[in-house]
Every structure is written in C-alpha cells, then in structure tokens.
Amino acid sequence: MLKVENVDSGYDFLQVLWGINIEINRGEFVALIGPNGAGKTTTLRTISGLLKPKGGRIFFKDELISNLPPYEITHSGLSYVSEDLNLFVNMPVYENLLMGAYIIKDEKKIKQTMEYIYELFPRLAERKKQLAGTLSGGERKMLAIARGMMSNPEMLLVDEPSLGLAPYLVRNVFDALKTLHGEGLTILLVEQNVNATLDITDRAYIIEQGKIVLSGKSKDLARNEHVQNVYLGI
Amino acid sequence: MLPISCFLPIWTSLNHALKCKGIRMVILQVIDMVKKFGGLTAVDKVSLQVEEGQIFGVIGPNGAGKTTLLNCITGAHKPTSGIVNFLGEENLAGSPPEVMCKKGISRTFQISRPFPRLTVLENVTVGAAFGAQSHARESAEERALEALEYVHFPLPEDTMAGHLNAVQLKRLDLARALAGGPKLLLLDELAAGLTEGELADIMKLIKRIRERGITIVIVEHIMKLIRGVCDTIAVLDYGKKISEGKPEEVMRDPKVIEAYLGE
Amino acid sequence: MKENTEVLKTLGDSILEYIKRKPAVPGAIAVTVVIAIIIGIAGGPAQVVNAIVAGGMWALLATGLTMILGVMNVPNFFHGESFMVGAYTAYFIFTPIHLYLMDNPNKFLSTIAPFAGFFAAAVIGFILGSILEKLVFYPLRSKTKERWVMNSFLLTVGVSYILSNGVNLVLGPNFRGIPRYWDVPPIKFFTIRLTVDRLFAFFLAMVVLLLLWYFMGKTRTGRAIRAVSQDEAGAAMVGININNIHTLTFSLGTSMAAIAGAALLFMFQAYPTVGLRPLYYAWYVVMLVGLGNVSAAVVGGFIVAFLQTATQQFFGIEWGEVVPTVVMMIVLIVAPSGIFGSEVKGIQEQ
Amino acid sequence: MIKSTGKASTIARTLMSRTGFSSSGIILIAILAVLPFIPPFNSEYILRWLVVGAFMAAQAVAFDLTAGFINVVNFGFAAILGVGAYTSAILANTGPHIIVQPGISPWIGIFIGAFASAFLGFILGFLTLRLRGLYAAIMAWFVGIALLGLARTLTPLTRGSLGMSPPSFFDTPSNMPYYYLALGMMITIYIVTKLVTTSHIGLAFKALGQNFDAARASGINPTFYRVFNFTLSCFFAGLLGGFYAHYFVSMTPKAIMHTSKSVETLAIAFIGGRGFLWGGIVVAFPFVFLLEYLRSALPQLPGIHIIIYGVLMILVMIYYPNGVAGFITELKKKLWRLRKPEKT
C-alpha cells in the first residue's frame, strides 16, 4: 500500500534520512523504532508531505505522492498524527473533529464518522464543547488520533503517541490503535516504548542514524540480540 | 520501623557540621518555589538544595515542570512565590536573567537559542564578554576559543550559527554558557537526539566540566545519562517533587516507578 | 422561576470569572462609556453619534488588518492604500451613474446606485488582494520564513508607496469626492441630525462584520481560516490548502478596507494619500487591543473613535495625532501586548 | 626607526580594520573627495546631487545602527531628524516670524539640535524597551506622527505648515563647502558607528537583535544597550537634521518629518544591506543620481522615483535579503575561494 523507495530527506542544512526503504501492505500494523534523533519523525514528515524528500520516491496505492503538497496527500487517504499533535487549541473538541473531516463534503458521512469516533473515545464525547487547549495530555493525544481518523483514511501515520503520558493512558491509546487496526486500518506507528510496541504490531523496522538497520516480524525482533541490548535494556 | 523524618535532625546537624568545616557548601537553594500560568500550576512548592561540585539531576515526564523550574531559577520566568538563594546571596527569586548570569548562573536551552546571523565564535564570545567573568573583547575572544575547544566543537569557528543542526547547536549553547565562566551550569535536555557514542562523549564532557569546579544541574529525559553522571537526582511529577536521593535509590522508589518509568 | 435565577447566577458567575481573568476588558469598556458621556455633555449627543459611526468604520478596517496579521503574520502597511483603492473605485463607478441620473431622474436607480459603487469596491479590493498576495507574499513565503514578520512588513511598506505614488502618477493628486450618496434630507432624531450616508456607512460596517462573523464561525472555509491561524502544520495535515487560505484571507482583508473606503467617500475624498489616516487609526486599534485579536478589534474601533472625538472636542483638531499617541504610549507601557492581549503566535519572536 | 614605522603601520592597519576601511573603502572615499573637481560633477547643479547623496548615505548609516543591529525599524527616524532641524533652526532665528529670537550660530545650534534628538531617542528607547520587533517599529511610527503633529501645531515656534527659513551655514552660493561638510559628517558617523559596532557593544546589539532571551541569559542588560543604541542613532539623526536646515534653508514639517522620508532612508539602508553599514553608502550615491535624473528628465511622472524605490526594495527583500553589501561580500568570498587553490 505504501512504498518508500530510497528516500533521502532532511532540513535545509542537514540531511537526516539516507536511502530509506519501507514497504507496508494493506491492513498491516507496522512499527518504526529507533533512538532519539534517528530520523523517525523525519520519515513520517516526509511521507506526509510536510518535508520534501531530497531524493527517492514514495508511492501510496501505487501512485507517486512524493511530489504532492501535504493537503493532497491527505486527500489521497493518508492521515498523519504528529508528535506535537498540531491541534487547533482555540477550537472546541467537536470543531477540531470537524476540521479533521475537512476533505469530506458529505455532511451525513461526517456525522456518522463523528458518532463512531465518540463511541471509540467516550472521553472526547464528554468534552465535546471544551477548547482543545484545555484538555489534558492524554485527551489531546486521543483528540489528535480521532482527528486523524475523521477523514476516513485508509492509512494512519502515528508519531509517538505514548510520549509524556502516564502508563495507564498509554495503554488506552494503544488499545484504541489496536481497535482501529482490527477494523481494517493500516497503521505505521513510531514509538520509543519498544516493549509495548513490539507487543501489538505485526512487523517493525528499526532505524538508526537515518538508515533502516533491521526489519522483520515484531516477535522475531523482540528476540533479536541487538534489539534486546539496545532497546529493551536486557 | 521508624519514619525517616526521625533521622532528619541528625542528618541536618551532621550536614551543618560538615559545612562548618568547609567540606561541602550549598551553592543553590530553592525553597517552596511555585509558578502558576493562569489556572495551571506548573511548579508546585518545589525545594531543592544543590551542593558545590555536585551534579544534580532533575527528571520527570514531559510537562512535569522541569524546564519551568529551571526558568524560574535563572530569572527567565518570575516565580509566583518562593525563594532562591545562590552563593550566599539570599532571595534572588525574580531577578532578571542578565543579573543571574552576572552572579554566576549560566544555562543552555531545551530548544537551542543561537544568534543565527553571528558566527560560532561570535556566539560564544557573547557569552564570554557579558557573562559572570566579563572581560575586554580580546580576552573574551580567547576564552570563547578555549570554550569551543573544550566542548570539542566539530566545525570551523566562522560557520554561521544559523547553518548548524540541532545537535551542533546544543554544543554551541553549552560552549556559550561555559564561556561566561559560571559557578553553576544549568543544562536543559542537553543530550536529546544524540547517538550512543555521542552520549558517552557528552557524559565524559559533563564530568570534565565538574572537575573544573563548576556545579551542574541537569534536566534530562535520558536515564542512561542521569544514571551515569548524577550524584543526586530529584523527580518531578505534575509540578511536585515526588522523590529525591541517589539515582539508584530513586529508581527503586515505587512512586517514581509508577509516575515515570511506567511499564 | 427557580431555574431562571439559577441561570442568572451562573451567568453572573461566569462574567465575574471573566472579569477576574481579564480585568482590562471591563476597564476599557468603562473608560469608553465615561468618555462617551463626557463627550455627550460637552459636545451634545450629535458628537456621540458621530463617534459611533466612525467607530464602526475603524472596527471594519481594524478587523481586516488584524485578520491578515493573525492568519498570515503579515503586518499590513498598505491597508490605507486598499482604502484608497476602494474610494477611487466607488468614485469612478458612482459618478457616471450619478451624472446620468441627473439627466434622467429615476428614483429607484438613484437609491441603489451607491450599492454599485460599494460592490465594485469590494470586488476590486478582493482582486487587488489576490494579485498582491500571489505576486509578492507567496514568493517571499516560498523563499524563506526567516525574519518573516519584519520582512513581510517591509514588503507591505514598499507596496504601500508603489500604490499611492502609482495612483498619483496615473490620476494626479486631485481630490475626487462626492457631496453625498443619497440626495435625501437628513434624519432628525430628537436634536440629532444624521445624514443617511453616515447612517448607512455604519449599517454597512455592521453588516459586513456580521457576515464575517458568520463566515468565520459557521462555514467550512471560515473554519479553515481559523485553523490556519492556529496551527499551520495541523491545517495542512487535515487537508487544507494553505496557500489558497492565505490568498483568500488577504483578499478578504483588502476587500474590507476597500468597502470602508467606498462607504466613506462622502467624508474622505479620493486622493493618492487618503489612506494615511485610516491606516493610522486601523493600526492604532490593533495595537491598542492586541495584535491578531479579531473580536477585540471591533470593540477597539469604538474605543478609538471616542478617543479621537474627545481629543478634537477638548484639544482641537490639530492635536488629533498627538494626544492619542500619548495615550497609546501609556497603554503600551502598562500592557505591552495590548489591552486584550495578543493572539498572534510568533509575533514576539525575532 | 624602521621598527617604529612598522609599529605605526600596524597601528594604522588595526585602525583601518577597526574603522572598517578596507583598501577599497579608502579608494571609494578618495574618489568621493576629488569628485567635485572632475567635469560632469563640477557644475553646481550636479554638485547638489552629490550633497544629497552624502546626506542620504549618512542617514542610512545612522538608520542601520538601529535596524540592522538591534532589529528595530525606527519609523520615526525622519521625525527625529526633523526635531534636530527645528531645534537648530529655532535657535538660529533672528526674524520676527516666531516668538523667540535667540540668534545662536548654526554651528552651535546643530549640536544642541543633535542633543535634543538624542534625548528624544533616549525616551523612544525606553518607550519601546518592552516591545519587540514589530511593536517597537509601529510605536516609533506613532511617535513620529505625533512629533509631526507637534511641529504643525506649535505655530508660535515653528510657523506650522508654513515652514521656516533658517540661515545658511556658509555665506556662499556654492555647494562645494556643503559637499565637504556632508562628506565629513558621513565619514565621521560611519567611523563612530563602526567603532561602536565592532566593539563588544556591537556584539551586544546583534545578540539582542537576534535572540532577545538568549542574550539576556548570557548576561546582556537589554535596557542599557537598547537605549544607548537609540540615543546614538537619534543623535546622528539630529545632527543631520541641523545640516538639512542650514543647507536647504527652507523646511516644512511635511518635507522632513513625514513617514515617507523615513521610508526613503529605510529603502536605501535595506537595499544596501541590513547590518553592513557601508551598504547604504554604496547605494545612496548612484540612487540619488538615478532618481534626480529621472525627476528632471521625466517631470511629467511625479513620484516615479518612489515607485522605483518600492519595486527595488520588494525585489531585494524577496530575492536578496542581505542587499547589495551582502551580495558583494559573498562575491568576494567566492573569488577568494577561487584564488586560494592557485596559491597552493
């Protein structure tokens, strides 16, 4: 479904990614794991179009998307939930969700999705009219994921949903992701919480210093010596 | 089991005795610091005591108020209430940052703040020329060069600071803070985004800085670094200090495990 | 009955809470009311009415300015020139119709003729805004974001001087004005005589502001504009075409200034540098209430109009710029980001 | 003997580098000094353009001290220049048109005017202290408008919009002495500004202009340096205002204090290059010539020069934000890099 081919990317004076290759099939739940500064967020930003790749190509549903602006990539069915969430803090929760459905023009469909989202995240339903800026950390993450879901995407890119959350909230967020995956959504998850991530995903890529160094089934990776040493602290 | 507080008077008097002998002096003392932003209490009655020559770590989850605490100490924020004593001077809370810097507190920033259209050398010279031990321009430049060498800055000095990447900027920030000749150095997430090798390097560097007689307070995420260099750490959660002590002890504190280390 | 008191109580509580959080707001409103009463006693109620009419216009101008600032972070210095373009457009559309009607009187046509002027001004202002955005600000934006606020500000300064001198070059420095839009006797209201033009100008400003409020609050595109002003990356992520939103916002802001210029043609004649005073007052309002604060700009428009009227009343017209500036200095010393606080991110950064 | 000359030359070289005169700078000044004797320039008509060029160049340098270093665009610059001009003009007045007749020599009045402007700059510095970037620029604009309003309102002192005709510096119709006076002022202002900005004070200016919080955390006192910067820049403005008054010998509030005058200075300084100081000097002369030529050649197109200013400024801001000076510096660096491998 998503195919990242030899992508180089980075910022003005700094190249972060060096020839990244990632391939994800429809319905898979894939993790991208690596240390701080390895280029995980850069990878997601490049896929979602917020950063232009310096080289290589990205295909989504067999269509070239690496030359499209971010809003057109969203239109093609790829939704990105960023690390800093990028919520509209002065809008209430329901308006944030409405904005998530910006690309959908069918009012009825928006309403249906919204009801589905409220079912999935009852917490958000309770705080419908609260400004997004006044939500707690966990609620914000939920809202960001929910907003990402509002455009009825075929694939979701999620960047470090566990960052700065209390453990029980992390579990909530992961459960939500698992449910979404169970309903057929393709997910690429970036995480530092390696243990929990390898637990719920099908496959994983390990990225270090801008290069993919390992990939494979999550279960196998959890037993891999390098992974155990570096990430699991065993 | 006796409660720990029973030992407090003994500990205090012991500490006092040691202090009288000049063995360890308290360089920075924060008492009941409170900082509110509107309705949110970012720092809630935090007290700290940093002894001279110590490496003191402050850890906690994102949004626990670590950076805010640091800002309150350096004067970047005016604390709502609380006391800051530094080097024998009492109640410095609320002094502007430039005054705190002149008194000997230098800092680095979580998100580096370079002067983008100055060269690397000029950036560090600013620190040297206006810091705690300010001198005339020439000697400031020399000390800037020395500081750059000290932190092993990898690029030529005439590179524009705006062209550096995040990791290099952190080094630059550190060099600028060091060039001011501080007594106390506050490091805000210095190691974020470093690779393993660089992390070991920076840990060595922090220890070397301490050997120069500079006391260090580190705010950090990365446990490896905290465990590797800190003598004492304090743990913040939702603005409150929930634990303090030697790293190994604190790591075993169930409160800390619940709040921070998680699963 | 009981419910009613309960509702009133919660309402009272929330108002009290609001006052506690932002004490400057009721303070500013109270000061305005006091000034209004003083003007009313010293200069008669007509002065108060005039100030309210002017306030509507400054509010309209300031809202356009603050919208461009809030969404695009562009501090617009050619807002006055947009005003001027509106005035010229209205003049060149309205005058021929007016001359034709002098020969062939037609009551219906002369009632709606001014609307042609207003409408044309709105359209021309919109087109001007889109062209300038695509021609000047889009290239700057795609080039670099470094020192954006200052650089874009200087660009608007350049545009301002090109526009006013360009008009001077083409049309000359002559004043072009009309005595009135509607040739009907003024409305008498107790002792107040109010011309229909003035009344309508105020009415138009309020209608435009209401329409804007509806557009921003209730429509999909309006929400998109607000989204872009709050988080650009987030807006791009949900599928909003940021460039289009920027162009639209800019055009709307310019268009609003042009409407103001058209509506006030009977008061400000069209000439190349007519925009200076409106620009000054629009910026005055925006600085006073806080950059990018759209709803506050409306209140600010009235505050400034009363301040201006009071200055003319008590100091004389020639002090019209000195006294307000002194007031502004005092306000900014007390509240460096305006009475109601700034809502523009990044404007403080350098 | 040889040793001492060696020492002297080193001192000269350090002084040259501190004052920012490279060899090309010295050549430029030498050319400017002999220019009035070379044919097309020795006519009084063209000489007048040269005077205006030096005057604009000096303004650009003084303006750049604030805009290019502490990053505050002083939109009230022209108004503050006007305060210097009016102070000097009023002090020199002997006629019955206004209420005071101090009759002080312009040579003294110009300095008193400069101090008056410096005092206003001092106040402006304090006023804009807590305001950053844009706020400070708009505030300075407001102050400028208020000063213009004052000059119009205080008719007993300034004759309002009618304007004043102060006495001239020299008792001669020739422009020659004025040219050297203006050139001298330009060079002096440049040297003083350069000395200040190459010292650690200049470093503090740049640091404050580029990152306010980091500068404070590094121990820089923002109050002192910002107020100092404004005071110095406005002192120069006042000095130039005095020159204006006693050179053009006729002035109205609108002709010197209007915002558009600040914008003209701003355009020259920014097209020349922010923070380079000499950029404005390099740009001012050709500009004044081009524009005066256009004005005289195309009298049917009034204001065309301002349109050209505007277009050039926009193009420079978008495509070359460092201006002409930035372009030349980069070119030099590239040439130097090309030459280097040949040497080795």
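A, B, C and D are the chain letters, set down in written order, and residue numbers restart from 1 in every chain.
Methods note: a residue touches a chain if its C-beta (ideal position, glycine included) is under 8 Å from a C-beta of that chain, and two chains touch if they have at least 3 such contacts.
If you're wondering where the values come from, they're calculated on a predicted model, not measured in any experiment.
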>> Suppose every chain is reduced to the average of its Cα atoms; which one is closest to the average of all protein Cα atoms?
In response: C
> By number of C-beta pairs in contact, which two chains lead?
Replying inline: C-D
>> Going by average Cα coordinates, which chain is farthest removed from chain D?
In response: A
>> For chain B versus chain D, what separation do you get between their C-alpha means, in angstrom?
In response: 44
> When the C-alpha atoms of chain A and chain D are each averaged to a single point, how far apart are the two points in Å?
Replying inline: 55
>> Measuring centre to centre with CA averages, how many angstrom lie between chain C and chain D?
In response: 35
>> Using Cα averages as centroids, what's the distance between chain B and chain C in whole Å?
In response: 48
> What are the residue numbers in chain B that touch two or more other chains?
Replying inline: 116
> Which positions in chain C touch two or more other chains at once?
Replying inline: 146
>> Using the touch definition from the top, list the residues of chain C that touch chain A in their complex.
In response: 220, 223-224, 226-227, 230-231, 233-242, 343
> Which residues of chain D touch chain B in their complex?
Replying inline: 199-200, 203-204, 206-207, 210-211, 213-222, 275
>> Going by the contact rule set out above, which residues of chain B touch chain D in the complex?
In response: 74, 76, 96-98, 101-102, 106-107, 109, 113-118, 122, 125-127, 129-132, 134, 136-137, 140, 176, 180
> Quick one: in the complex, what on chain D touches chain C?
Replying inline: 71, 73, 127, 130-135, 137-139, 141-143, 145-146, 148-150, 152-153, 209-212, 259-260, 263, 266-267, 270, 301-304, 306-307, 309-311, 313-314, 317-319, 321
>> Give the list of chain C residues in touch with chain D in this complex.
In response: 75, 136, 139-140, 143-144, 146-147, 149-151, 153-155, 157-162, 165-166, 168-169, 173, 276, 280, 283-284, 287, 291, 318-322, 325-326, 328-329, 332-333, 336-337, 347-350
